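Please find the structures below.
The following pair of complexes shares a single chain, chain A, combined with chain B in the former and chain C in the latter.
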Partner chain A sequence: MLQNHFQLFSLPKQFDIDVKALESNYRKIQSASHPDRFVNASASEKLQSMQLATSANEAYQVLKKPARRAQYLLELNGVNAIADTNTAMPVEFLMQQMEWRERMEDAKAARDIATLETLNAELHKDARSIQTELAHLFDRQNDLSKATAETRKLIFIDKVCADILHAIEQIE
Partner chain B sequence: MAYSDKVLDHYENPRNVGSLDKNDPQVGTGMVGAPACGDVMKLMIKVNDDGIIEDAKFKTYGCGSAIASSSLVTEWLKGRTIEEAYAIKNSEIAEELALPPVKIHCSVLAEDAIKAAVADIKAKQAAKDNA
Partner chain C sequence: MALLQISEPGMSAAPHQHRLAVGIDLGTTNSLVATVRSGMSTVLQDDHGHALLPSVVRYAINGEVIVGHEAQAQQSADPANTISSVKRFMGRGIHDIVDRAHIPYRFVTSQQAQSSKMLQIDTRAGLKTPVEISAEILKTLKARAEKSLGGELVGVVITVPAYFDDAQRQATKDAARLAGLNVLRLLNEPTAAAVAYGLDNASEGTYVIYDLGGGTFDVSILRLAKGVFEVLATNGDSALGGDDFDHRIYCWVLDKVREASKNFVPLNEEDTRLLLNKARQAKEWLTDNFEAQILCKLSTGTLVDVTLTAPQLVEITEHLVTKTLSPTRKAMRDANLSIEDIHGVVLVGGATRMPHIRQAVEDFFKQEPLTNLDPDKVVALGAAIQANALVGNRSDNDLLLLDVTPLSLGLETMGGLVEKIIPRNSTLPIARAQDFTTYKDGQTAMSIHIVQGERELVSDCRSLARFDLRGIPPMAAGAARIRVTFTVDADGLLSVSAREQSTGVEAHIEVKPSYGLTEEEITNMLKASFASAATDKKARMLHEARVSAGAIIQSVNLALKNDGHLINNAEQQAIRDEVARLEAVAQADDAHAINQAVEKLNQATEAFAAARMNASVSLALSGKAINSLEM
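On to the complex of A and B.
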């Protein structure tokens, strides 16, 4: 049977993971499957080690980012958090999104890096409180419906943060 | 990615950008969002006593296709009844703008924004009738 991303790194299937363990297990697999170790190996062993390195890489990218990790946990439970057909979000959250986007656009037009950085810090604070909530919803309450709603918020916030960083880069 | 001429036209000259008075009993507001690409869309419609949409405004943060989809529907909505508005399908929007498959979700967002705005105005009317 195929291992899921958590099993691959010997981590419990939950939101609140030991990031240090994730990183060290990822490095172990990367070094164990490094091509240099398979110079004299058979073709099938070479292929296997390459596949392991690829899966580890993909799994690591998913698990290290909280929003992707939450999305993946939902996927394992048969829930697609970002289905195209699901566009309903709490109105207050969408209003907040608009306000963030407006502030970002204004600051970008004024080439105001300080305001962009302040906004970025505010969003990170919101993201952290959603992550605390997600750990609670996934790992203790097993409330997938609320976890889906919070995950969708986190994906939105990550997108705004990425756009802010992009705007700062463009100004600099 | 190549946008169609119609998408570019709406993106470069968006129609009806802005807002209406959300406290006006004749104004319905629909807000929807798509986490996958971070798009947020706000659509406002002003409906007269005959149930006809007199004015429509939008504000969208998102890609060109999302902006074009909302700009297009504001043009379509004016003069239609709220029932006709409710019946608009995302496939009509996608077809008019020649959206590629990866951008179909932008038209879904616009359709859902219309439905949310209609639901809001109906809720306002029901509240008024019960008052």
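On to the complex of A and C.
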């Protein structure tokens, strides 16, 4: 029985999901399938348990993180958001990217954790407004082409945030 | 109120259903064993009423192996043959031990090419690996538990530092095997502490476990909701603990003595051990007192008499305290949380008794840490609760632990760079695959080097294992598609497989870390410990085969009784036939035949197992509305 991640968690296939329901259903599925429940079981049941618990973990991570959720929704619609052919990015966003990168590099060189943290917070704010936009594009307008562009922005912001956290770690 | 039941001395409370299971905290300084009796998690004591077993093993002149208090008492007199803090050497090579000069053991590396690179200690009983020495501690605890519970143990949960890497985990599991224990699960120490804590306090929310033990530091952040303990992030330092504070005091004392006497000679093994013990006593004394006198006479005749005050201790160990805060910050960032999100901070490990540690934690989290459970016992108590749940003694199946992998796992790519496959703090169990390709035209083999760690260069990470995938058909560079799959099970142990996609050529290994023992070494050690005769081994194998046959028959029959309706009658009958066959074979004395029949029964139940899993997940998602209202 092949089902997508949304079906696994009994959630409607949309961007704007009920995070509380996701978390609670994740816990329910793990409670029923986790290897800890099958310590004394037969090898076939252990294998089933391992497989389901593993896919539930994977699916949970995908749905929990907005950028991965958006990417996955596009995938279900046959769109690969990070394909090499999919490189279009508005000029103003490219400029914005460069500015973020420069600020990060400067703060890194100055070993300035406070500035890195401020930048991180700013990016999170930007990410939230893109998420609001994505909910609109996916769930109401069903505009996959615009949704792809916004998803790519979100993926990019996630990458910068990860680099910022990495930089902070290096400095400490 | 119902009358309380009291069982016969030495007997468990519910004789027919209750399976004997214990939790073991295999600590750097002390080890403990605990069990759940009449619903309460309790630490088991030895005949003298001691709960803590000092993790000290002495190989005595008469060939006897002495473990615990007695061994500890003889440590200064016989330092080279009395091993303490062996946990620090688990899964480690000789070059990993930086302060070798201050440790009074004779370390060696095996010269044989085929054996592991794990360090060994030369004792009067011969070369001993840390795995064998740890097994002695586990054997002592096993004997204590079986005596106290009046029966053979079905299984144990052994705790490990959350920040232990794959080699250290594997070494711990190997030690349990040598001690004749059935390991139900390796459990991370902070998670175990959270279980003991959370269940006692019926807490919900986000908690930090700050665990500074004798030789390891862990910090874990967990979310507790409805009996599920979800680890959000973990971090730590597997070579930082109370021992380092002792060592710092020891160095400080040596400096003072050197200042006082002009012609000071380097310490011998006995004096090193003596001074380290005095340092530890001073540290413990300073928890409740302002100053500690360190007074002893060295074998050279030099009299040591120095006084250490509490503020001085704070000053000379400040950098160690700071060293714990960096992993703490990392864990908070990985969990994407700020201080305000934390509902409570739990202190675990004997070293957290030091007032300046408590103060540092309180300052960091801006709240007073929780200390109402004994920091020495809380890990064992939690492990016992998990062991009890795993063997199925807990009637309401509400406890579930979701733990994470502490360190990123990856493999070496061109230029000595690491490609991460599984990032740190991924919830277990996890499987991830990634495709790689060949570098040269006509390349027919690929060497896969598995590493663990956060750094970008292979040389900065810990090398776990290497294996080769051979038989790749010759193709142009970049044409082959080799899918490498990493799987980490619920014990946090890794296995890796590689498969060429077009031909299906496959290679698979259970990662046996470079610093782990080889299968052959373990077999030899097992042989040695069951030295008496080959029949012993045969009898044991038959016994084990029968036990596992009995377990699977019981579990399949129960499954058929409860869920038989999920499959048709013919399918049910097919399974029943295999059960009957296994029952017949189990009467005879052929372990191999029994294991084969078990395997056949497993194959026969595959579809049934899948149907049951689907049914139980559907039920969990739809039918538990009543339960969730109760919580």
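Throughout what follows, the second predicted complex is superposed on the first by the 168 of 172 C-alpha atoms of A that agree within 3 Å, B and C clash if a C-alpha of one lies under 4 Å from a C-alpha of the other, contacts with A are read in each partner's own complex, and residues count from 1 in each chain.
In the analysis below, contacts are C-beta pairs under 8 Å (C-beta built on N, C-alpha and C of every residue); 3 or more make two chains touch, one makes a residue touch a chain.
The model shown is predicted, which means the values in this text are computed figures rather than measured ones.
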Could you figure out whether chain B or chain C reaches more residues of chain A? C
Between chain B and chain C, whom does A:Asp163 touch in the aligned arrangement: first, second, both, or neither? first
Classify the contacts of A:Met50 with the two partner chains as first (chain B alone), second (chain C alone), both, or neither. second
Considering only the touch criterion stated at the top, classify A:Arg152 as touching first (chain B), second (chain C), both, or neither. first
Between chain B (first) and chain C (second), which does A:Val39 come into contact with in this model arrangement: first, second, both, or neither? second
Go through the superposed model and pick first if A:Arg101 touches only chain B, second if only chain C, both, or neither. first
Have a look at where A:Glu58 lands relative to chain B and chain C in the superposition and call it first, second, both or neither. second
Could you say whether A:Asn25 touches chain B, chain C, both of them, or neither, answering first, second, both or neither? second
Where chain B and chain C land on the same part of chain A: residues none
Flag every residue of chain A that touches chain B in the complex, lowest number first. 81-82, 84-85, 87-89, 91, 93-95, 97-98, 101, 152-153, 155-156, 159-160, 163
Considering only the defined contacts, which chain B positions touch chain A in the complex? 31-38, 40, 42, 59, 61, 104-105, 108-109, 112-113, 116
Contact footprint of chain C on chain A as seen in their complex: 1, 10, 23-25, 27-37, 39-45, 47-50, 52-54, 57-58, 60-61, 165, 168-169, 172
Show which residues of chain C lie in contact with chain A when the two form their complex. 155, 184-185, 225-226, 228, 230, 326, 329-330, 333, 386, 389-392, 397-398, 400-402, 426-431, 487, 489-490, 551-552, 555-556, 559, 599, 601-603, 605-606, 608-610, 612-614, 616-617, 619-622, 624, 628
